[in-house]
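Listed below are the structures to be examined.
Note that chain A is present in both complexes that follow, paired respectively with chain B and with chain C.
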Partner chain A sequence: MRTPVTAPEHVAGEAAGAQRPPRRLPFWVDQRLGLLVLTVALAALFGVLRPAFLDQRLVLFPLLREISTLTVVALAQLAVLSVGHMNLAVGRMAAFGALFAGLGYDRLHLPLQLGLLVCLFAGAVIGGLTGWIIARTGVSSFVVTLAMDFALMGLVSLLYSALTENAAFTTRPSGLLDLRSASLADICVGRVCGSPAVPQMAQFTVLALVGLGFLYTRTRMGRELLLTGANPKAAELSGIPTGRRVILAHSLSGLLAALAGFMAAVSTGTFRASIGDDFMLPSFLGAVLGGTLLTGGVVCVVGALLGTSLVAVIRKGLDLLGVGLESLNIYLGCVLLLALSADRVRAVVSYRKVVRST
Partner chain B sequence: MITINEYGARTSAALRRFSRSTTTTLLCVTLGGYLALGIASSGEFFQGPSVRTFLQYLATPVLIGLAQMVALCVGQLNLAVGALGGCTACLMGVLMADGGVPAPIAVAAGVLTAMLVGLVTGVFIVATRINGFIVTLGVMTILLGAQYRLAGTRTVDGYSPALKELGRAAPLNVPLVFLTALAVAGLLAVFLYRATAGRRLLAAGGNPLAARLSGISTDRQIVLAHTLSGLLVGVAAVTATASLPGVNRSVGGDWLLPSFAAPIIGGVGLSGGSVAVFGTVLAAFVMRLIDAARAQFSLDPSWVNFLIGLVVLGTVVGGRVHQTHLEKRGKAHGRTPPAPAGRGPTADATLPNAGGGQ
Partner chain C sequence: MNDVLLEGREIVKVFPGVRALDGVGLRLTAGSVHALLGENGAGKSTLIKVLTGVHAPDGGRLTWRGEEVRLRSPLEATRTGIGVVHQERNLIPDFSVAENITLQSPPARRGFVDRGAMSAPALRCLAELDLDLDPLRPVRELSVAQQQLVEIAKALYTESRVLLLDEPTASLSPREADRLFGVVRRLTARGTCVVFVSHKLEEVFALCDTVTVLRDGRSVLESSPLAGHTHDDIVNLMVGRAHTATEMPPRAPDRTAAPVLALDGVSTADGHQDVSLEVRPGEIVGLYGLVGAGRSELVKAVLGLDRITAGEVRMHGTPVRIASPRQALHDFGIGYLTENRKEEGVFLEQPIHRNITVTVWKKLAKALGYVPAAEERQAAQDLVDRLGIRISGLEQNAGELSGGNQQKVSMAKWLAADTRLLIVDEPTVGVDVRTKHAFHRLLWELAGEGLPILLISSDLTEMITLADRVLVMADHRIRGEVDNDGDYERMSGRIIRIIHDRALPAVTTEREAE
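Right after this comes the complex of A and B.
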């Protein structure tokens, strides 16, 4: 599902059928395959070293729940990266959305689904506002989202301390606890159709993945988003309302961030201001490791899932191996830098090969 | 605010007027705010101890703002500012408290380490051609881990009393650390505005292609900028270690956003090629004023972030509006708009095309 804007998939497919186009890189350059193999291999390695790693209820379930949440965070970043922008305020937008969900449950006693809708709406609005400021003024998205991050950080904590007594909404609508701990085995007929390791919350992630994948590969709107990211001027000249696409990308990002905030709140059970504090790093890690370019125009929706999984597996595995919390970040940073430089080396080598062979 | 285009050109007079106006605005805001605060506190704010505390905690924000500014002037971002500062501060604290290293050697070692980390970051960016944003993100993660490993959960405070004495020393109620920060700012200004190496740095940031064609190695400038940024962060860590009662793993945690806010409010563009040493210092002053006002009226600390966010947003949007206004007026009178530089390129800005679609 990696979709560079320059090569529409069906065209590339037809060409490949007749004669392999020379500029096509060999399959082992594909970043996603490498990621998948690496993730599975690492999971197997950790499983052999520490059989506890494969414990479905105690290890895999929370691990998959974390992956589900962080994948949505990475998708929120991916949505803005597709137009060549950045969203430094993902974490705060998540907190902002969760605030409204919590408020709805606490004050209006909304049912679970309605609260989620309110949360998504709030996220989309704040994202849209950010996008509007960027599109209208032409100021760099980095600066605007940075300022947004500051402003929301203050605003959310102010609202929490104004609206609640101990800075958290603890009212839980019916169904929230189920959503938190239910796995596929609970809603299906036991072991017949689902493993107890897959959390029910993964449904949101699958929905987001499918939705974004459809948007970027199949719809005109998605193509226009990518074109806006690849070359804003060319997009503008070909009649794409780039301003509106920028706003769309940012409100999509806000919506996904709010969804991630809701999921994080459900996993912890309370709606508090600290939700999303640590979202910024994973959002870039997942998206960039997955093959989405920071410069815009190329996204890889499945890559976001794979990149996030790799990071989460490494984190959990090292944790189980007894590597202290303090060293975990050191290894993660090294993995990020190594993975990206390896990717770079691979791309250069394969490019040379292709050039030589033609 | 200085850009390379202005150098020696006839437009320099017009540009200087413009740059003066930006700085003057900030100066007026600073003085006005200070006076207002003084009056609101019925004069207490002008007295020795208050001035002293005010300036004491101004040193670090000024220095980290300058560190970020140096990275911005070649079009790079340095996300590792906070982590590097915290890590260096902890390194110095641990060396002195646990290693029994004399203070001067520990300080020198800390500053050198910070500089070295900057150098390595720069070399890595140039060698692998990975986006500087991602590389510094990785370095930030590694340094956060290193800092946690060094300090653990304790607070290191058993270090050299002489250094603490020096940090608290304030001849004529002007703290020594603040004077250090001012001296560093002065040296940096001389380097950037007068030295050949500084001009090269700006040239490489303003227009990499033109710089390369005129025989300036942009790669070397990027390495230099990151090294210099690391050095400034090292000095900031020294001032923090000297003026704080002790160092722990939360030092530097809240440096990243202010480090961006100061140069941006001060009028530095994200696209590179422009610097504003005085503007950055003034912007740090303004942010400190907001903090002081918060303390004066005993408001929730969240107000500070909220207000700083609004100020940053207001500055960039206002600057952009001003620029379009000038352009329109220039067109109406049938002459070229006043200055090629200033806020305009600032806003068009970019990380590789992070600008807004218009």
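Right after this comes the complex of A and C.
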């Protein structure tokens, strides 16, 4: 699902063939492969050190559920990063979307699916509004989404306290609790059942990954989003409606954030204002670790899953090993720094190669 | 005074995909004014950046008073005694004149900047320039010319023995320029070497003693006394005219055909007044003018990027209002090859196939916006072959190509879209001679196939090689029209005369030289 934008390593090498030596780096430098290997190796290491780590129901199930949610959060960030913007309000947009789902269940007694749709719609609208403000005023996305974050923080809390007695919707439509605890073990084909480690909620994540992957690699919209991010001026002059693409990216981000909000609410069982409070940092961490550029134009959809997984595995593993929260964050910081410098090293190495061949 | 201060030999500087400097030599002697000439993209700015420690050279050697030096940063260059006034202003607007002048080593007392002690040295430097300025005034309140002189004062403060001035007169009025020349003469009388970069040959001949000419990253004339050369010699060296004259098959556009694009009395928010022009099928219409005449701005207004306040734009005889480049492309088939390749033309960090097919995704897209990768690549490959773009693969990033190949990629985009009207803006600025030829031939052939082309260029040779008629623009107005008879001397004379009627003499002659 890696978009061809930055996956030219092998192809270019072959095509260069006779004319020039392939100037791309070997495949083992590939960031995504590195992430995958690292994640699996770490999981295995933790499993050996603390066999409890591999307990399917007690450890892996909640771990994968968390990864599912945070991957969607990372995808929400990735959508705006693709046009070179950022969304500091991902968490609050998640809370905003979840509010509408909760409201629908509580007041309108909507079925589970319909509530989800309302939630997604609310997220897309608030994201689209943000995008519209940015496209219209030309103010940087940093400022606009920061303001949006504050505005929504106030609004969502206000609405919760106005609409509920203890600042949370606790009405649960039928199916919500099942969704929360169901895993592949509940789905059996004949006598073969799935793993109890994989939560059913992962379906949303898979859907989001496939959808975004298709968008960015196969469609005109996706390409136009990327080119808008790569160079807005050139994109405009090449006939791309950059304003509309910015709005699209932001409403997509809002929609995915709302989806993540819904998933988080289902995980905890209640719809409350604090949903999404801790979404912002993981959203950048997952996307950027996965190879999406902060400057726009290059995204890696599957990387968001890998990056998020790595962080979650490290967190859980160190937690089981008894490392305190503070030192845990130090390790995480170091990992992020390493991953990002690896990218910079790659850039410098390839620059030198090109210069030498000129 | 035959004291060599700074000497460079065989200097090489490589950027990805292009050898910006490829064996440049330069000898700067004390007490002389040295002209550094060359067309856009010849490597002047890169050379200045190498001499002032901004870029580290990839080859060759620099000697300062006979000893080899390595300038690792602009600060080291300043300490060595090399000062520079760049083309764009590098002052801090909110700092005072004195603070800006003493910025590189502010007078300090016990580790704190001593504001009181700033004024005296600043005043001394200003006095040397014969400039009466309050050192406490913030720089933002000064005129452009005054700011320029403050920058020179800044270079004086660091006791520069070599002072590089990159296009210092570009934004000055003739009187202000004269004053600057006075300063330059005074500096050289004191044994400073001033390097003078300018496109205005008139000034160069009035002021300079020696000259170095760069072309395509090489020095084609090295530190030679200027007195031994004529205007024409220098121009020939700069453009390599022997190379630029291209034989083209004859082409006779139908002058009676209905125009594809017609502007009638167009005025824009940018200040264009009463602009009328027509472009017919198969015709190359040149739009010539000085930098700042408003040519690109006119085109951008037509494309909907600026407001048209009066007049009418007609496509195929029908009055139209174009709201955006998107509409221009998809509804009217207008392609605009921008002059600003790196910022507006290509997507440097994106693969070549995307750069080329961006204009045709709409056509290629199937249900759900799905774009088949094979068709996309095929479309890109066809154009790569047709234009002879040298790449290692379609996945290569456009930023890794040389300037000329980038320009071809930028052009390919419009050919892919099958545009019905092509507007090309300075198509061969900063590209090598060979690509320039290829471009000229390509435009010629496209016109031969019936494509109407509006050509904007400041390169008179290019105009005369390609255009069927040349419209001359100055101060946001069309000043006249000249039918191209292919004779360089006669054409340049006529075109210059049209500009001459309005603009200042000093400015026009310089263009003639170019």
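Throughout what follows, the second predicted complex is superposed on the first by the 320 of 358 C-alpha atoms of A that agree within 3 Å, B and C clash if a C-alpha of one lies under 4 Å from a C-alpha of the other, contacts with A are read in each partner's own complex, and residues count from 1 in each chain.
What we mean here is this: a residue touches a chain if its C-beta (ideal position, glycine included) is under 8 Å from a C-beta of that chain, and two chains touch if they have at least 3 such contacts.
No experiment lies behind these values; they were computed from the predicted model shown.
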item: Contacts of A:141 with chain B and chain C, given as first, second, both or neither; value: first
item: Partner chain(s) touched by A:38 [first = chain B, second = chain C, both, neither]; value: neither
item: Partner with the higher number of touched chain A residues, chain C or chain B; value: B
item: Partner chain(s) touched by A:320 [first = chain B, second = chain C, both, neither]; value: neither
item: Which of chain B and chain C A:236 touches, first, second, both or neither; value: both
item: Touching partner for A:155 - first (chain B), second (chain C), both, neither; value: first
item: Touching partner for A:334 - first (chain B), second (chain C), both, neither; value: first
item: Contacts of A:84 with chain B and chain C, given as first, second, both or neither; value: first
item: Residues of chain A contacting chain B in one complex and chain C in the other; value: 235-236
item: Chain C to chain A touching residues, read off their complex; value: 14-19, 58, 303, 305, 324-326, 328-330, 336, 338, 343-351, 354, 358-359, 361-362, 364-365, 368-371, 373, 392-397, 400, 413, 417
item: Complex interface listing, chain A residues touching chain C; value: 4-5, 8, 11-12, 14-16, 19-20, 22-23, 218-224, 226-227, 230-231, 233-241, 297-298, 351, 354-355, 358
item: Residue ranges of chain B touching chain A (in the complex, touch as defined); value: 77, 124, 128-131, 133-135, 137-146, 148-149, 152, 257, 260-261, 264, 270-271, 300, 302-310, 312-313, 316-317, 320-321, 347-358
item: Residues on chain A engaged by chain B in the complex (per definition of touch); value: 83-86, 133-144, 146-155, 157-158, 161, 228-229, 232, 235-236, 242-243, 245-246, 281, 284-285, 288, 294-296, 324-334, 336-337, 340-341, 344
